[in-house]
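The next part holds the structures, each set out as structure tokens.
Shared between the two complexes below is chain A, which has chain B as its partner in the first and chain C in the second.
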Partner chain A sequence: MTDKLKQPPGDLAIWIFICAELSVFAVFFAAYAFTRAKHVELFNQYQQTLNTNYALINTLALITSSYFVVRAVAAIREGSQRGCARWLLAAIAMGALFLVVKSMEYQHHFSHGVTLSTNTFYMFYISLTFFHFMHVIMGMVILAAVALKARRGAYTADRHTGVETGASYWHMVDLVWIILFPLVYVMR
Partner chain B sequence: MKYKSQSVAKLYFIAAIALFVGQILFGLVMGLQYVVGDFLFPEIPFNVARMVHTNLLIVWLLFGFMGSAYYLVPEEAERELVAPWLAKLMFWIFLIAGAATVAGYLLVPYAKLAELTMDDLLPTMGREFLEQPTITKLGIVVVALSFLFSIGITILKGRKTVVTLVLLIGLTGLAVFFLFAFYNPENLVLDKYYWWWVVHLWVEGVWELILGAILAFILIKTTGVDREVIEKWLYVIIAMTLITGLIGTGHHYYWIGTPDFWQWWGSIFSAMEPIPFFMMTIFAFNMVNRRRRNHPNKAAVLWALGTAVMAFLGAGVWGFLHTLSPVNYYTHGTQITAAHGHMAFYGAYVMIVLAMVSYAMPMMRGRKAANSPRSQVVEMWSFWLMTVSMVFITLFLTGAGILQTYLQRYSDQPIDFMTVQDKISLFYWLREIAGVVFLIGLVLYVVSFFIGTDDPEAVEKIEVDAETA
Partner chain C sequence: MPMTPQTAQGKAFIRPCTVIYLLLMALTLVTWALGKFNAQIGLPAMTLSMTVLGIAMLKGHLIGDFFMGLRRVRGPWRWVVTLWLLLPASLITLAFMQAGQ
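Right after this comes the complex of A and B.
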């Protein structure tokens, strides 16, 4: 019996966790929006110091990684444990690319003396992206754990809740970035 | 009781309850001093009563946590405790050091106590909740390390479960963060900054892990629900606790001279702190509803469910009430804080320790699983008396706090502190009455240990189709 119809995919507990995480981000985004409304000029001025190209690369990296994760779930549904592990590793590699690019971005700003206390815009920029940064690391750890288990043959075409659980979390990390990117980097 | 060495917990539990009684007596003294200022002056001044009330609370909860760990770790690890003699020795050291410290508070002026204990060699005294003489603090470190040693080795040598793992992380964190009690920088901002690493990171961080582990253990034992299900919940809850609780420390950094971003970090993350408590409530009720057995110890299950509800209300809801920085701007350090403190400590930590005592004590006193029905009825009465009176204490203090905030800080013509205190004295009287009811509940609780001891014990009722209900 395949559980293609089972909703939501993965373990219910991860969905409770995802909801909780999303609500933290939601509050953060709302706080950003309300504060920006009060200081539009300040936000517009400093937004221009951000490197949109880096952020675009990162957006593509995360979307690609999500695609790889989808392939990993598809692979295990076909019963391919090695394929599943390989697609997950590819997704982790994309996550690593994200971290590298993001670190270069931070390095640029920090070397210009930007801190959390520089101004309200940078406070939000650093807080939001750093909080998300930590989630990418967390997601990579989860995917790595799932990949290891997949390689050891812990999942089958019928029983692979763990893969779906990890995949769900990773898509959440991706989704948050897809909101964060236009909100902080693009919207004027 | 499966393992002989579990019985060391009994000593710890008895001491915990005795100190609990002491804590409540000093609480009543203080509560009366709010309205009758010179009550028992100069023998017990308000500041001393307060110090004893809060210090006893912390010490007896620590006794409770240690007792709980000594009871549950052998059972989880499936082996006898490593070095039970050490646990007994540390018990007496901790008890004597604690008693000597409280005697010091009561017998000599605080400054004199600092002088006698040579605080000037390594000054750590004079800070709220960390008033203990430096030598007592060193004693606490020794006790904590020995405790961690015997618990840790037992866990590592035996079966490792999620419950013991979470408990061990919590207890290690407790010991590590206490070390900041020795860091006492000249700069007042830094002093307060790190002071919260003990105070906040204990009660809104690592203690919650201990709470989660004990609650999970009791639920596994009393409901018969699969360990895997309970452990999964525990993971999610502690992950959320750590994310919100650690950065939530920021809600103490609004007005002490720390950078502005703490206004945001503190507000946003601590606003999420109720979530893990809410999960805990859902978790506990869910597990009890899905129970595979009807454990005869009804009182223990009642305490466990009570913890889940009251922790959410006291820590979650009453914490949220004043955690956002624009609100806290007005409410900081008013009776709102006192209201939150009372219900949170009672709901989260007092009740979980009492739940564990309730679960473990019958077995340690030779019962198979539970006390006699008569004893349990008295205990459940004490549950309701204490819990309901604590709700009232909290409500009265909240009323006092709202009025205080308004009259002293919010209205167009703010009134000075002492005049406001006079105006809200009605609430303090009501709080004191509720406090007396709490004491009655506590006395009944103690009585429940001596009632129906010769009666046959309560038996498990076989429920038909509990699963399908």
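Right after this comes the complex of A and C.
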């Protein structure tokens, strides 16, 4: 059995940041759930206007992107810089798919006159999902920077903390959506 | 004990992370199907909600352990994702129980 690590993969600073981000999302989720408890009818009624097929595609896209990131980390651990960059680009493509599908979803709602002030459900739906949307963009920028450095040969099988740091952030983005999807789209 | 099928050379031909990925995809489809077809399935709302929340917690735990690599970490960091999952899940459960009363 291999020795266990004292610290999680990647820079410890990113894990402090991840904890902060996860705490904010936990507060958001709790606020959604407790507000819903006071407006159950309203939340159940407007939840039905959401497209769960789009949410399914987005969940599959984010999980697939996370898997690609895992393969990128495995590739650099095996010393394959080009392999690492390729897996990261594939992950970014999945992130882009998420953004396109989410934008289509927003477009549908906005074209029907939905805004933040339409009602409490839409206020939570838009703000929660858009906050997450911004994190996806941020994650894609980080993955792109890491992919570029990997392609230039900045990481090796022994020295690849940057890849693990970017990977940890991206998995956090996935993790948040894993709770957001059932909470906003399915639970009633 | 190896958790993946082995080739004749003894090397795994499917990585553990690929098995976890396929499991995550399957659990996602189950969550979606429960939401989409609940009118036909007929689960009470609370049962549906707690089932999909439980599935989400399992998925989150798998992501933390296998994708983020926390199963290879000792000490408090080992449990950071699991503890985080428990926090919103407990509050969400409490809120849904409150809503059901």
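In this section, the second predicted complex is superposed on the first by the 182 of 188 C-alpha atoms of A that agree within 3 Å, B and C clash if a C-alpha of one lies under 4 Å from a C-alpha of the other, contacts with A are read in each partner's own complex, and residues count from 1 in each chain.
Methods note: contacts are C-beta pairs under 8 Å (C-beta built on N, C-alpha and C of every residue); 3 or more make two chains touch, one makes a residue touch a chain.
Keep in mind it's a predicted model, so treat the numbers as computed, not measured.
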item: First (chain B), second (chain C), both or neither touched by A:Y185; value: second
item: First, second, both or neither for A:L175, with chain B first and chain C second; value: second
item: Which superposed partner A:T52 touches (first chain B, second chain C, both, neither); value: second
item: First, second, both or neither for A:A33, with chain B first and chain C second; value: second
item: Per-residue touch tally on chain A - higher for chain B or for chain C; value: C
item: First, second, both or neither for A:L116, with chain B first and chain C second; value: first
item: Touched partner set for A:Q81, first chain B, second chain C, both or neither; value: neither
item: A:L60 touches, of chain B and chain C: first, second, both or neither?; value: second
item: Contact residues of chain A, present in both the chain B and the chain C interface; value: 23
item: Chain A-facing residues of chain C, complex; value: 15, 17-18, 21, 24-25, 28-29, 31-32, 34-36, 45, 48-49, 52-53, 55-56, 59-60, 63-64, 66-70, 72-75, 77-78, 80-81, 84-85, 87-89, 91-92, 94-96, 98-99
item: Residue numbers on chain B that touch chain A, as the complex places them; value: 232-233, 235-236, 239-240, 243-244, 259-261, 264-265, 267-269, 271-272, 275, 279
item: Interfacial residue positions of chain A with respect to chain C in the complex; value: 2, 4-9, 15, 19, 22-23, 25-26, 29-30, 33-34, 36-37, 40, 52, 55-56, 59-60, 63-64, 66-67, 69-71, 73-74, 164, 167-168, 171-172, 174-175, 178-179, 181-183, 185-188
item: Complex contact set, residues of chain A against chain B; value: 11, 13-14, 16-17, 20-21, 23-24, 27-28, 31, 116-117, 123-124, 127
